[in-house]
Amino acid sequence: MNQLPTDTNYPVHNIVGDLVRHHFPGVAGYVNGFLTLASLLLLVALLPVFLIWLERKVAAHFQARLGPMRVGYHGLLQSTADGLKLLFKEVLMPKGADRFVFFLAPILPASAAFLVMTILPFDHHLQVADPAGGVIYVLGISGLSTLGILMAGWASNNKYSLLGAMRSGAQMISFEISLALIMLLIVMVTGTSSLRGIVLSQQGTILDWWIFKLPVLGLVAFMMYMISSTAELNRAPFDISEAESELTGGFATEYSGISFSMFFFAEFVNMFVSAGLAATFFLGGFLAPQIGIGLIDMVLNFIPGFVWFFCKTVLVIFLYMWFRWTFPRLRIDQLMDLEWKMLLPANLVLLMVTGVFLAVGWIL
Amino acid sequence: MGVSGASGVTEQVAEILDKYPGGIRLVDSIEYLVAWARANSLWPLIYGTACCAMEMMSTGSSRHDWARFGVEVARATPRQADLIVLAGTIVEKMGPNLVTLYEQMPAPKYVIAMGSCAISGGPFYYDSYSVIRGGDRLIPVDVYVPGCPPRPEALLYGIMELQKKIRKEGRRNPWKVGKLLDTPFVDTHSMAKQEWTAQEKEKESGLQLARERFKTENPDYKPAKPQRLAKEKFAAVTRVEVRNNGLDNASILTAVQKVFPSVTLFRQTDITPDNVAGLGPEYILDLEIGQGQYTELVRFLKEDKDLGIDLLLQVTAVDWQDHFDVLVHLLSTRHGHKLFLRCPVAKERAEIHTISDIFRGADWHEREVFDLFGIRFIDHPDMRRIFLQDDFPGYPLRKDFEDPERVVKRPY
Amino acid sequence: MELLLIDNVPEGFTSGLSSDETSEEYFLNMGPQHPSTHGVLRLVLKLNGESVLEVVPHLGYVHRGIEKLAESQTYLQNIHLTDRLDYLSSHINNLGYCLAMEQALDIGVPERGEYIRVMISELQRIQSHLLWWGVSGMDLGAVSTFLYGFKEREMITDIFEELCGARLTMNFFRPGGSFADVPDSFIPRVKKVIERMHVALDEYNTLLTDNVIFRERTKGIGILSKEKALSYGCTGAVLRASGVSYDVRRNDPYSIYDRFDFDIPIGTVGGCFDRYRMKMEEMAQSVRILEQAVKDFPAGPYRSKEQSAYRLPQGNYYSQVETARGLLGTYIIAEGGPKPYRVKFRSPAFSNLSGLHEMAVGHKIADLVTILATLDFVVPEIDR
Amino acid sequence: MIQTRQDEHNPAELDKPPYSSKSYSGDSRHLRLGADDSDRGAKNSVIYSCGRYLQKVATGLNSLFSGMGVTIRYFVNPGRIITQQYPENRESLRMMERFRGHVVMIHDENDHHRCTGCGICEKACPNGTISVLTTKDRAGRKVLGRYIYRFSQCTLCNLCIESCPFGAITMGRDFELAVYDRQLLTFILNKTQGGI
């Protein structure tokens, strides 16, 4: 029933890596390391460009309009233009700001997202590293982005920024608890905290994904994950740290040009990472959605795993966008109420019930 | 880094690359790319003062959707904005704030003046004591979009014109802070007239002979009569008199006169209730009372249960050259009748007791009267100017207000 | 608690920050350029953490001196100035001014003219409320509502544009009627709007009114009791939400409002949610008026006899109309001649806003934004 | 000294008797929209409050989902997109017949206009937008010399056109009038100058 998969091909390998290893056995480690980092960097650089375009298009279609249309096919190059423009824009620092912290802050959220990405299992053999305590690593690193926002708010010498940062700090610390508890739930049922291990524990048909495998509880846990991760991402309806109509720009009020674009980019990479984790935990990661009919499953399996991973991730990202373009924003105290009075107790109950399920063996 | 901003970086890069073969072409293509990016990524600042802001919002709405141009990323903070659309009237008090906003934006930054007010003051060109005639007196404007307010399509056209302008930017034509309009405000209407009259006079002297010749050659000349446009004719319609709801004037007056016998009616000699009843239902009772009993009367009107007056419409004033009248307009939401009250205030000692302790709403109304008429309200909790800046000279709604620096009188 | 009076207490505040070291009080400036102040209102807040201790609004960032201007322009020219007070109810402003002139000159309006006036006024009200709905949704963070509200609003601005050529500053009504008749397509277009509004209002209620987050954000926020609302001179939806049934269209009917069957919604608590629902219900009632007006829209002349120049006889003339924001009073003092001696506009938003401190104190900054959104003011009307 | 609002759940506030409208003269039809705070009189039993809690969560979630239903209906239905693509639709874009773009003078095919230079429009204009500058023709008659129209300060109020007794001016339907220089917004409307 709940056995760990036997596939233990560590370290992760793939065709490119094998080729390098075959031809340059001496420096293979360095070359492969460089290649991984370069490709990951490329991904980090290109993902937001695509995601920002997607967000704007999706938003537009939610609002009965077209969105970017005039730069490239259906505005595909719109975010490229935005990025380029921000790159060549004057960088300003307000008087009285802490110069070092002010310019360090935007780098942190981006690097946090980048670091978490290193352990995302994109495919069977497409993962930079798979530490045994992957889940703990994720939780540890994601605090960095909060730190970046707090630093930005503090260093800006602006009351709006400070308010935004404080809101963000309180919010993220609270919701991290929920997030950790939901991850704990998955770790509890899979028995591993390696992300690859978690994906592999969902092998089989669609019904073996954790969202369905735990009867009802999986769905509830998924919903709670969506809520807390939206809050963790500072996205509407939990975007109180930016809250344009209240705090103008929140923590990023004083940032311009490239340093603002770092925040902007990090927001979207973080969203990707968060959605990727949702796919990993609940939607079977890179596994194809098999339905138990041999022929169709064969076709589905033929499609490479990373395509499935991206599809699922984009699906979750779409959910995030759907939330954002539908709901009004919560107030700070309501946000805290939601976490401490609703999500956290519900989480604990869920953990307990799952424990009972595990003991009785009710998992599908 | 200065105001020139990022163009400095491109210049440095250009200097290095120019030395190598093909370098110039590379620099040119980078320049082209940067100009392209800037033109297609204009993030506007959320800034709007008046009517034009609504049309700006309409431009952002689904129907017109400025997102198609990549303009929908409206930023609330000037640090991230590239474009400021001057939508609406700019008044003197807002001026410094607008300049600050502009200065807070990182270079390169662009300005569109939208609508007549932002271009030249528009409807407030003459006679206004607070409007700045043209946004380009404060910050340099790149594109002027005329209209009042311009249609969303007109604004989109303006944005396209701006894009055209940005696409031409490069090393030879770098972005720089534009020029401000520094000519003093002139009465263009009278100026045109004067210039024309002078020109005509000059011309006239040379035309005497030609005229006389024409007259002798065509003695029967009769100019064609201009065709008047046939305008639709309408019949006069008798007006249905609107009734004044609630208590009738006569009974209100009787009730007031019982307690305040010294009360009179404005511009009415005969103040008996019978006469007032004859003035018709549309006449609103216009009581006049001296300063001594002013607050008591207001308090009485508010507290008297039978009169049922509960809402203060406004407190205002009028300048009768020799004295002021402070006007208090009251309404009964329960019955529907209105009641006006006035109290003369001397010009030399423009002071009157406040009624903000009776009606809280009077607080701001009295501040407005103080601001525009200079009538001081005794015991008012917060007697400051409400609309104008503290150093504004004089009180503009007084009939003798003159400020040639700010106000240019309508020429006709 | 002992209060420390420091030198740089912002204008309008009675006291400085608390001298208590553990206190987290500070001053925050909001505006004049701030997304939720709907234009150029400036608020200075004294905060403790996120809680509002004191609010001081600063006005005048778009004070153009319209009342002074009106003294130097002719009566006819002044109509176009009223457009620029509350540009979201410009037709109704025009109407208010024309009513005062008609009162002075004893000009009547033919039947068709009156129907045009009522229909245009109600369309204007719906248009304004739609914009308000969208913008207040956006203030609360639901950006899509902004664009949804504008969708139907565009249908109405199209009607206006076809009617008089302008979308916002119409200058359409004249004493005795309007300067032009309605085009043939007017009634079909209005019918379309009515049809669409029935669907749209349902949609809006599902999207925002019933939304649990929205309800939590607005309920019990910014309560203004009946007595206070009256004392501050609030009118319109703000007064009605507090439980006072006063609507000029009903209690002091102008034009032909007394012929139509419509309800005046009134609230009980006087908080943001009540104010919100007043406006939503008003839209439904406006649609009801439109339905009735479309049904018996008469033929005939649309205006009465024109005068080449309007000279008001000496006297004081006052008219009041119900704009989308409340009671707009137009007070004209005429001393003969082609120009008025003094014109005063009693703007509803000016009085409605003056109770802001009462509503906002004790709430959070986010609630202040909610309150501002439901107060629904237009700054140029406040400043004039 | 944080002040918190106590009145938000004050039952007294909610239970207040509705405002009496007996005394007012008009017809007293009105709709009472009370605040539907249904938390009143919550019982103290644990099961009851748990039930209420769950019910609240359920109705809350339901409201969220139905809201999402509204937005997704727009998303999946491209027919509801109402965007007009302005520069692309230039060919088909026509302004309304009465659209007030800017003042133009009507000219016939021989470039003759109907303006007599009477200056009524100039007087009608509320803000000095129009200057009618007249000259004399050979017969000594007053004719239009130059008709200056300052678009930069025009409010498009239509008063000049209404006042013109000869129908010489009208509103143009152009709207693409943005310029780089405000001087270019001063037009001379008459194509031919009367007189010599």
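Each chain gets a letter, A, B, C and D, in the order it is written, and its residues are counted from 1.
Quick note on the criterion: a contact is a pair of C-beta atoms (placed from the backbone, for glycine too) under 8 Å apart; a residue touches a chain by one contact, two chains touch by 3 or more.
Just so you know, these numbers come straight off a predicted model, no measurement behind them.
Enquirer: Can you tell me which chain lies farthest from chain A, using the average of the Cα atoms as each chain's centre?
Expert: Taking each chain's C-alpha mean as its centre, the farthest from chain A is B.
Enquirer: Let me have the rounded angstrom distance from the C-alpha centre of chain A over to the C-alpha centre of chain B, please.
Expert: From the centre of chain A to the centre of chain B is 50 Å.
Enquirer: Measure off the straight-line distance from the CA centroid of chain B to the CA centroid of chain C, and report it in whole Å.
Expert: Computed from C-alpha means, the inter-chain centre distance equals 17 Å.
Enquirer: On a C-alpha centroid basis, what's the spacing between chain A and chain D, in Å?
Expert: 43
Enquirer: Just give me the whole-number Å value for how far the CA centre of chain C lies from that of chain D.
Expert: Chain C and chain D have C-alpha centres separated by 13 Å.
Enquirer: Counting only residues that touch at least 2 other chains, which ones in chain C make the list?
Expert: 34-35, 73, 80-81, 144, 147, 151, 154, 169, 207-208, 211, 213, 244-245, 251, 253
Enquirer: Which positions in chain D touch two or more other chains at once?
Expert: 24-26, 64, 67, 70-71, 81-83, 85, 126, 155-157
Enquirer: Out of chain B, which residues touch more than one other chain, so two or more?
Expert: In chain B, 61-63, 65, 68, 76, 123-124, 126, 148, 151, 245, 333, 336, 410 touch at least two other chains.
Enquirer: Is the chain-to-chain touch network here best called a line, a ring, a star, complete, or other?
Expert: Contact map by chain: complete.
Enquirer: What part of chain D is in contact with chain B in the complex they form?
Expert: 23-26, 81-87, 93, 95, 101-102, 114, 116, 122-123, 126-128, 131, 133, 135-136, 138-141, 145-146, 148, 150-157, 164-167, 175-182, 185, 196
Enquirer: Okay, in this complex, where on chain B does chain C touch?
Expert: Residue positions touching the partner: 45-51, 53-55, 57-58, 61-63, 76, 78, 88-89, 91, 93-94, 97, 101, 123-124, 126-131, 148-149, 151, 231, 233-240, 242, 245, 266, 282, 284, 286, 310-314, 316, 318-319, 327, 329, 331, 333, 336, 338, 340, 359-361, 363-365, 372, 382, 384-389, 396-397, 401, 409-410.
Enquirer: Once bound in the complex, which stretches of chain B touch chain D?
Expert: On the chain B side, the touching residues are 62-65, 68, 113, 116, 119-126, 134, 136, 141-148, 150-154, 156-158, 160-161, 165, 181, 187-189, 192-193, 196, 200, 203-204, 207, 210-211, 214-215, 218, 221, 223, 226-229, 245-246, 308, 333-336, 410-412.
Enquirer: Provide the residue numbers of chain D that touch chain A in the complex, in ascending order.
Expert: Its residues touching chain A are 57, 64, 67-68, 70-72, 74-75, 78, 80-83, 85.
Enquirer: Which residues of chain A touch chain C in their complex?
Expert: Its residues touching chain C are 59, 62-65, 159-160, 163, 167, 236-237, 239-240, 243-248, 324-334.
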